[in-house]
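Chain nomenclature is as follows: A, B, C, D and E, assigned in order of appearance, with residue numbering initiated at 1 for each chain independently.
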Amino acid sequence: MTDDTKFHHGDAPETAPIVEMKNIEKHFGNIIALAGVSFDVRPGECHCLLGDNGAGKSTFIKTMSGVHKPTKGEIHFEGRPMSFDSPRDAMEAGIATVFQDLAMIPLMSVTRNFFMGREPTKGSGPFKRMDVDRMNQTTMDGMRSMGINLRAPDQAVGTLSGGERQTVAIARAVHFGAKVLILDEPTSALGVRQTSNVLATIDKVRKQGIGVVFISHNVRHALAVGDRFTVLNRGKTLGTAKRGDISPEELQDLMAGGQEMAQLEGSLGGTV
Amino acid sequence: MTDDTKFHHGDAPETAPIVEMKNIEKHFGNIIALAGVSFDVRPGECHCLLGDNGAGKSTFIKTMSGVHKPTKGEIHFEGRPMSFDSPRDAMEAGIATVFQDLAMIPLMSVTRNFFMGREPTKGSGPFKRMDVDRMNQTTMDGMRSMGINLRAPDQAVGTLSGGERQTVAIARAVHFGAKVLILDEPTSALGVRQTSNVLATIDKVRKQGIGVVFISHNVRHALAVGDRFTVLNRGKTLGTAKRGDISPEELQDLMAGGQEMAQLEGSLGGTV
Amino acid sequence: MTDTTPQAVVDERLKSESFGARLMKRPELGAIAGVILVTIFFLITADPAMFTLSGIINFMTPAAQLGILAIGAAMLMIGGEFDLSIGSMVAFSGLFFAAATVTFGMPLIVAIPATFLFSAAVGSLNGFIVIRSGLPSFIVTLAFLFILRGLSLVGLKLATGGSTQLRGVRDAIEGDWLAPIFSGDAFGGMFAWLAERGLVETFNNGAPKVPGLPIEIVWFVIIALLATWVLLRTPAGNWIFAAGGDANAATNSGVPVRRVKISLFMVTACCAALVAIITVMDAGSTDARRGFQKEFEAIIAAVIGGCLLTGGYGSAVGAFFGAIIFGMVVIGLTYTGFDQDWFQVFLGGMLLIAVLFNNAIRKRVTGER
Amino acid sequence: MTDTTPQAVVDERLKSESFGARLMKRPELGAIAGVILVTIFFLITADPAMFTLSGIINFMTPAAQLGILAIGAAMLMIGGEFDLSIGSMVAFSGLFFAAATVTFGMPLIVAIPATFLFSAAVGSLNGFIVIRSGLPSFIVTLAFLFILRGLSLVGLKLATGGSTQLRGVRDAIEGDWLAPIFSGDAFGGMFAWLAERGLVETFNNGAPKVPGLPIEIVWFVIIALLATWVLLRTPAGNWIFAAGGDANAATNSGVPVRRVKISLFMVTACCAALVAIITVMDAGSTDARRGFQKEFEAIIAAVIGGCLLTGGYGSAVGAFFGAIIFGMVVIGLTYTGFDQDWFQVFLGGMLLIAVLFNNAIRKRVTGER
Amino acid sequence: QNIIVVSHGQANDPFWSVVKNGVDEAARQTGADVDYRAPETFDMVAMSQLIDAAVNQEPDGLVVSIPDADALGPSIERAVSAGIPVISMNSGSDVAAELGAELHVGQSEFDAGKAAGERLAEMGGTNALCVNQEVGNVSLDLRCSGFEEGFGGAVTVLPTSNDPSEIESKVAAALASDESVDTIMALGASTAGEPSVAAAKNSGRDILVASFDLSASFLESIVAGDAAFAIDQQQFLQGYLPVVFLAMNARYGLVPGGDVPSGPNLVTQEKAEQVIDLSAQGIR
């Protein structure tokens, strides 16, 4: 922690955190992506993870969802120390993630991508099979609730537009998010209507007691739904603030790593 | 054009357009992605292309940059009818593009990606070779001017963070953009500082007489740099407005295809 | 606004699509055009004997043996890996099976499961090394191509005391109740009945020219149906496509990629074992060259059938038709009057034309590009 | 704020990296560990004659012939395509060359360029079909594998009046001034001089065991250097990596992917032609089996050397070492006391161990995972 | 003593495995240290390199087969000039002396084919198939062309792979499409011969089947009258004798004064019974 930050530390937890990460470090060969980051998520809160490009946000949430093993540091899940061997383990524990690269298979259909790894089945014994109708229906509904009308559920994901594809990933995570929902820049490719739907969805699942980790570069989006804000910079935490304790301009300043921004004409208000 | 739009049509051109596209249609098999779109870019202007997810924006600019051949419609470049056979043709005519999927090779280094297809050489005859030092220098400088400090120019693009990768694509296009610069959601993965740099860069190149096509879902970004605004919806143009003729709220409404948006608490102002 | 009905059932952004186009979009059916083309070609050029019942069974038999391997190879390719060791695996599990029956005198009910178990173990070893080392499966299974082939030779010499051929399988399994499931002809009674009524050609002595449907064809069809069911209708199928499409993305989405891939290696090895058992029982012997280059032909058939070498795309039915095309072309030339020196030129040319035709038809019908 | 110097030269997010780690990160050098391992193995097990000068030259000769093909194949693989027809191409251009010199009595100055031109034309036909049809190069070049092999047979029978072996090349090119560039040994004078001074072993009769450096080794080294230069230092090299890494992204970034790929097919075919010319001149004859399965071995060598089958990654130097490993293992067994029956087991085992070792060392040194 | 054998046939080829058994037997009996080497496919370039490798080890004797004198000549001459005694076997009887070999043990493939062809013609064959499981392998091609010459009648070469079921189908196809075929000459007993017998049987016609080399199953067919005869080169001797000769040469300087013909030897119904067991052990 540096001294000149305007951050207030988050208060002591009201409820016990679902996931708690302590002093996580992650090195790739000689590259140090995370140099000791601590973070926690509690049920029913939306915890925003903010920071400049390359700060290590995605790397951090990947250690949380079992993709990377941390080089150092501890992970506690519902109070118990835990080490996920694969994303599947994390998922089974109830963590659903929208990765920044979306983790979709372009050649497969929307429905198949939606249920990949957790297909509902019907029938039993040797006749156990995927419940294709239900899968298609769920997919179309999930997409529609995010504001996208798919032409058909069997369109290949590779032929979807950027925003449509992102919506599939979000709808999927929301559908399967049991205890923690991690969203890595979920709204980056979305239109205004879809964005507002996603923000509303975050609000909705939070009310159901799910903990949400929300990564964004958009200060306004973060402030609209976030309860707490943690800012990363160059692989380290700058600190955590609670909603209401920090102004948009201060937050934006921290996200930029404290560096000057280009001066812009036009209708940008205080925040980019 | 539908009747209830609040759009004003753009005025007659002050200067002749560099690229003019008339009634472009594009079908993929039985999918109609574009159903007749007209559009033009003039030197020194920033023309924003807006619209909901799946409206056809990316497909449209891909026909402009030679990736797709339009199913129907005409393209005029500097007044002459033109049909680009490949992106290379378009590039040689002076059109540089940042594609939404960035068109980068993950296994190759940042420098090699930056200059891919247009490598500077030194020496002559059989000793003609890539000018590696200059390439590295240019890359690092280009990235720095966008607000990213790379660790090393030979890092593989696949290991960069989402925003870093996007910045490489933008810096590359700016470096090679001779007459027209097309940016498909360039700021989607960028941090606040990088975003403001990109918006400032758009402003700078526009002043040099380059025509910029800027696609965004962020109303505030569009209004900050745009001179004209064209809105697409479901493969059709809703119309074109000039800067100052339209309010942020009206524009946002059009971008959402006129549909209702979710109501949100929090600090979102009039626009998402 | 034009669009005020978000739940609209008919989307104005879709053109209507012909039935043919919808059919041809399925990778399963891509290879059908090739089958038809090749059939027409031989109808014109070949001796009519080729398309009598006995002629058809004659070219379907090698096609079925190849096809069983090709379906295994296709599933593995869809899952993003190769197995170059299946040809050698045929020889090796053939040796294992023959030694079990002849040298150790096991009954089939023991020998056959043992052979499958053993092959699956070798397959899983392949898979395990690929997964653990992260090396391309090409190079790992290539090593096993050599190793298994070499071990077959060594094992044969050991089992026979110096010869490269181990025989006597037919005597050893004589009368075993399991034998008819893995060797000989199925529906023999039906064919005899048909022959009596003149529906099947007969020899002068009245015996039907075709004593029955060779059992490998039955297996071939069953396996193709089973593989298609698994690929299209079960979660496992979804995982196979995902693992091959992008192993990273699949892992991140919770697909147990390692388990899927190792299972696929085992399935492929079992397909090889099945072919080995069938051919060894039919021939009554095995030798060191069994299955030579079959890995190659299996991959060819899978690719003709539309599998992508890069994984994540393809179908079992495609491999089914691919094997038939390959079998038909290989055997077909013998029925024509062409000079046999031209065999390879002809084989290559036919393969090329068949896949080009497939491709052209598919593009045409689906309106791609 | 910790970070107030954006132009900082030292980045705190980087650990210092050992020299070894930096070296091993290069795909070029990955295969070196394998070479060392194999060398140590043979130093222990093989007759010491293997590592005398003549022994080294003896295993380097096949390694060089394979290596020339492997470098071509590696470049093509980096560019994202396969060429399975190179083995048949060796036979076919060998026939072309032999027929040109023997049957038509052309001098080398005509025959050699004609052979290269002709091979390049076939290569570009391969490439053209791949590009135009969009079919995988695997299946297209596979067709040419059969076609060219078949044409070689037909051509040989035509040229010889029925035999599958065309002889007499050595007489036909006797005394041609171009011959020393493509056949025999280089630096013969130097070796004789060295032998006189006892620096090169001699046979009992005083003749040097090594008359010179076989010309293919010289070509092998030159081509490896040239290919490395092209790949690492020229725009064309950048285009090759881009085309193989992601053809779509490369096209969209302005790389002339089609042109690059067709050129690569031509280069690969020319490598095959070079090997054909060298071996035909050295052997003095050609037959229908020349180059059989060389496409396979070339791909093996390239993969051992670190090329990815999916394209976009690899190196010429890797293929260089890959070919040496393969050559060493194949010939090395001759110097050991192992029974020939075990040859394939041995070959497969050595390959597997060499690549596993490579991989383990690389991961270890670069700290991956 | 150290003796190296370099042949052009792979260790898993049924024919060559018998040669190798002969080599091993000789090694056991003479106590010599014998290595058998062969390229992985019929590849003259690779074979010449194996000979070079052998010469580098300066053995006390070298046994080679010479299917292509042009390609192998220089390597053999190098061995001779290095003072290594060379005996050629199997193929190359015409060039052996010229290249400096002490003697040749074997039989020309062409002559064997010719003998078989003459015999089948005698037995009444008029239109024959020559089933070649490895087209381009010069020694197999020679068998076929020898057969063609001896047979006199119409001969169609049927190229196949090594796969028995494919061979059976192809032979069946050839029989079905040409009713006048009455003779089949297979170039290898276990690969091509056995499936040819099966196809001939299934065709319901009366067809003469003969084969090169021996295999136990094919011999049984001869006994049963389903096949006419097999041509045996007694290739066991081609492996055995040269090694013994070279061992004797190294030990006592003894070497026979002329070539040794190891065949041809037609195995017909009368003789077949006796050799079945030997064949099953890889001796015939």
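Some observations on this one:
As a convention for this text, contacts are C-beta pairs under 8 Å (C-beta built on N, C-alpha and C of every residue); 3 or more make two chains touch, one makes a residue touch a chain.
Note that the structure is predicted; figures quoted are calculated from it, not measured.
The set of chains touching chain A and also touching chain E is given as C, D. In terms of the stated touch criterion, the partners common to chain C and chain D are A, B, E, listed by label. The chain with its C-alpha centre at the largest distance from the centre of chain C is B.
Between B-C and B-D, more contacting C-beta pairs join the chains of B-D. Farthest chain from chain D, judged by C-alpha centroids: A.
Copies chain A and chain B of the same sequence differ in orientation by 180 degrees, per CA superposition (steps of 5). Remark: chain A and chain B have CA centroids separated by 27 Å (rounded to whole angstrom). In terms of their C-alpha centroids, the spacing between chain B and chain E amounts to 72 Å. For the pair chain D and chain E, the distance between mean C-alpha positions equals 33 Å.
The set of chain B residues that touch two or more partner chains comprises 31, 101, 151, 257, 259. Shown for chain E are the residues in touch with two or more other chains, namely 11, 135. Residue numbers of chain C whose C-beta contacts span two or more other chains: 6, 13-14, 149, 153, 157, 341, 343-344.
Screening every pair of chains for touch gives A-B, A-C, A-D, B-C, B-D, C-D, C-E, D-E. Within the complex, the chain E residues that touch chain D are 4, 11, 20, 33, 35-38, 40-46, 48-50, 52-54, 56-58, 68-71, 73, 81-83, 135-138, 141, 145. Considering their complex, residues 65, 67, 86-88, 91, 97, 99, 101-108, 112-113, 115-119, 121, 128-130, 132, 144, 149, 151-152, 172 of chain B touch chain D. Residues of chain C touching chain B in their complex: 1-4, 6, 12-17, 21, 366-368. Contact residues on chain D toward chain E in their complex (touch as defined above): 47, 49-50, 52, 54-55, 58-59, 61-62, 65, 149, 152-153, 162-165, 167-170, 203-205, 207, 209, 279, 282-285, 287-290, 292-293, 330-331, 333-335, 337, 339-341, 343-344. On chain A, the positions that touch chain B within their shared complex are 28, 31, 51-55, 57-59, 100-101, 147-148, 151, 155, 159-164, 167, 185, 188-197, 199-200, 203, 217-221, 223-225, 248, 252, 255-257, 259, 261-269, 271-272.
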